[in-house]
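Letters A, B, C and D mark the chains as written, and numbering starts fresh at 1 in each.
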Amino acid sequence: MSQATPDSHGHPIASAVADHGEGGEAPDPALVEELVRANHILFDQGVVDAFGHVSVRHDKRPDRFLLARNMAPGSVTTDDIIEYDLDGNPVNARGRKVYLERFIHGELYRSRPDVVAVVHSHSHSIVPLSVVKGAKLRALFHMAGFIGQDAPVFEIRDAGGDGTDLLISDNALGRALAEKFVAADIVLMRGHGSTVVADSIPLAVYRAVYAELNARYQLEASHLGEITYLTEAEGRACVDRVEGQVQRPWDLWKSQAAQRRGGS
Amino acid sequence: MSQATPDSHGHPIASAVADHGEGGEAPDPALVEELVRANHILFDQGVVDAFGHVSVRHDKRPDRFLLARNMAPGSVTTDDIIEYDLDGNPVNARGRKVYLERFIHGELYRSRPDVVAVVHSHSHSIVPLSVVKGAKLRALFHMAGFIGQDAPVFEIRDAGGDGTDLLISDNALGRALAEKFVAADIVLMRGHGSTVVADSIPLAVYRAVYAELNARYQLEASHLGEITYLTEAEGRACVDRVEGQVQRPWDLWKSQAAQRRGGS
Amino acid sequence: MSQATPDSHGHPIASAVADHGEGGEAPDPALVEELVRANHILFDQGVVDAFGHVSVRHDKRPDRFLLARNMAPGSVTTDDIIEYDLDGNPVNARGRKVYLERFIHGELYRSRPDVVAVVHSHSHSIVPLSVVKGAKLRALFHMAGFIGQDAPVFEIRDAGGDGTDLLISDNALGRALAEKFVAADIVLMRGHGSTVVADSIPLAVYRAVYAELNARYQLEASHLGEITYLTEAEGRACVDRVEGQVQRPWDLWKSQAAQRRGGS
Amino acid sequence: MSQATPDSHGHPIASAVADHGEGGEAPDPALVEELVRANHILFDQGVVDAFGHVSVRHDKRPDRFLLARNMAPGSVTTDDIIEYDLDGNPVNARGRKVYLERFIHGELYRSRPDVVAVVHSHSHSIVPLSVVKGAKLRALFHMAGFIGQDAPVFEIRDAGGDGTDLLISDNALGRALAEKFVAADIVLMRGHGSTVVADSIPLAVYRAVYAELNARYQLEASHLGEITYLTEAEGRACVDRVEGQVQRPWDLWKSQAAQRRGGS
């Protein structure tokens, strides 16, 4: 039976799907575990603070995704993971509060069938870059080839007018954001942060970490003079080769996250 | 019986009220506990070092407020909390030294009946912004809508001449500072720091944390070019919606603070 | 018998030498231990993250060098150290994955007989400096005299065209990089990082740490105005005298690294 | 009997005084303890790394001072404290290596009878400010009034020519540096760092910490526009009042330092 779920303001959400987690296959527990770790790592690496979130597409149902309940990522456990349909309706919230911006995830999984994981964050060098008129995030070092020649900036005023709260708080805004991802794996959001996608959780986390570093280096280098960015061909070659090393940082980050939490 | 209380220079303070904590209701112990936590969180988040302070209005007597004795915020316990009247006279100091700048708090609680909590700090990006001629702190991201279009800068020379120690060390200076808060919830203090107000302790702490981040991003972005700030309507919408999420960082910060101090 | 070793992409490497560690003397265990510590220290000091590596020339066979298997430096143990010939062929990999950029080390040991240790990293202030057209790293304080008047920048496009992955992934690229070291002990690599050499492990680590600081100070100072750099004579005098103090930071870093890992 | 003491290069030092610690009163053990703590605090606060040092004038013999042996400050114990005469000759080194730059301390205690403690460091924002032509450190916030209107910059080329190692490695250079302190309590040293003096250990440490912060804020603010610095009168008032609060940070730093070292 469908059950009304409060959003984080306590308003009930009309849920189009049964909110019980039945009627579908359960996701691979290893995938849920990996999602929990990704939450911890993003916090430990300073990509998210109490805000920001990471999701993964359901491994058995491509029309579903997994995302933590409304809480700080650094403290997420497997019990906090909720399943959603692509409209952002929770399937098994059971009264747990949900993120206001779950529509980022649903609309991206809908429009980009290749995407397996999504990270949304407000990391420290991305935000300033997002608000400078004419500035654009662009790949300048080999760890961040995926950024490409000109990461799109999502201006919410184009889709929602100039009086929004900047949040992607419904499906229409989610779709407008997703449109920017046609030829990009990262999109900056003006006055807000960024969203990155990848074909695995470790790679999405890697990209969120190194997008922040690329932005930081770009802020610092642009004071000094004109920057030599990666060429398109260099960027593609870096994606092919350097991202193939993703297991190395992932193993490190996992072991650091476990250590900080008294785990193995 | 009234008892002379030394200020932190050892000078006795003429106390207009009985210094014993009687003759009034005790504040809710949960409020005192929340104030202690706020002290720890502000230190852990790098908003205060050995200097800076946070107060809360007495929950039963709106003409009283609670503030730690003269000490580093990160080490405050419930035994260190002193009750003051709005003139900044300690009610129950019992020989404990008091902050030189308690007048910030008293005069703000007097002039702004809506204010429940006050944070005064010298955080790292606020101070440089406070000394640049013509610069103004302005909301540029969704976490800091409360800053608005133009945070006032308090120039102590206007009220105290050009030979002060920059401290708000009496009621007249406190009143001059409070006047800047007529249409603002944060005021920068030139060559000194800032003061923020809110209707709860968690929100005042939240605002102090994100004001620092907004200032930092503004310092970084302004090197690169012209900034797109939040519109007035965006700022208001962010206050309405994003600040409604304040429990999320508060829960995180509380648990981090407890962990660092061996608590639960 | 020669054994095919996969590189980190799983491709077998044609190995020109017997992959068993025999047929030669074992390196001094104290040297291997020092190399392990150098890995930890570089991580702890923020010079490397999951990427970057440090090697040492074999103390008994100058045509061999020691380098960790493909892994994050902060977790390296003595069991992870592999011996290589100067062509970058592992002698005793026994199935362990090797670094894509081992050719940096081999070609430097070949072309510079005085070099005993090599650090390759992407530290935070080196990368931005490496991409600014016309910028050059130059010694500005007494800890970094070894940088000299104009650290060369290696532009991989000159050797490999404008579509590489920026990695030094074969001997030809390794030789091209090594050529830049004729009159320099540090070379910046555009869009990538830097490589430093020295006549001991502690000194190579010291130089990697203080090159990063020199780059950071240079980024900050160059905003303000023209910089007074060290003269050539000052730089040489600093190398002579300040680098003679290398045992002091080395002892500190070793003890910190041991403490963080629960060691003695 | 006088005993030759090696400096940190292993060269024996001709010692003008008996190297045994006799023939004079022992310093107050509490003073030695305070000096040890100052070493730890300066490291914990990031003012010194493996380099930099702090000394105190002998409380019973104004012609002597106390300084650690040549080692990293963060690890100093009471057993590492050596007594020196004002020429920088160790009185009781007993074979322990001494700092190359002990002459900074001796010449300052000689020329400034009011000085009780001296900190020499290379902190992160001081070094870049020291190398910018025409730049000057100047007090911009209330915590750093002691800096005054124009902190002198010591250019070692004036005293030692343009081929020195930048170190204050003899009495002549020490005297040249001390001359800059006639009307100043902090002096920047081009391409090297700074030295600060005060009438107590806690205050010297406080000044080293807040000089670094003032320099950092100055670097950041000067990008944005013209800075409103403290007036002379404001600076003096801040010294009078704010520095009177020095016990507050000192207590905090002491307790943090003890905690990090497993102490009480």
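Criterion: a residue touches a chain if its C-beta (ideal position, glycine included) is under 8 Å from a C-beta of that chain, and two chains touch if they have at least 3 such contacts.
Small disclaimer: the values here were computed from a predicted structure and weren't measured.
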Co-neighbours of chain D and chain B - touch as defined: none
Chain separated most widely from chain B, comparing mean CA positions: C
Proportion of interface numbers common to chain C and chain D (over half same, under half different): different
Averaged-CA centre spacing for the pair chain D and chain A, given as whole angstrom: 48
Where chain C and chain D are represented by their mean Cα positions, the distance between them in whole Å: 34
Geometric centre distance via CA averages, chain C-chain A, whole Å: 34
Chain C: positions in contact with at least two other chains: 223
Contact graph of the chains (line, ring, star, complete, other): ring
In contact (per the touch rule at the top): chain pairs: A-B, A-C, B-D, C-D
Of all residues in chain C, those that touch chain A in their complex: 8-9, 49-51, 70-72, 74-75, 100, 122, 124-125, 127-129, 131-135, 162-167, 169, 190-193, 219, 222-223
Interface residues, chain C side, partner chain D - complex: 140-143, 145, 213, 216-218, 220-221, 223-231, 233-234, 236-238, 240-242, 244-245, 248-249, 251-253, 255
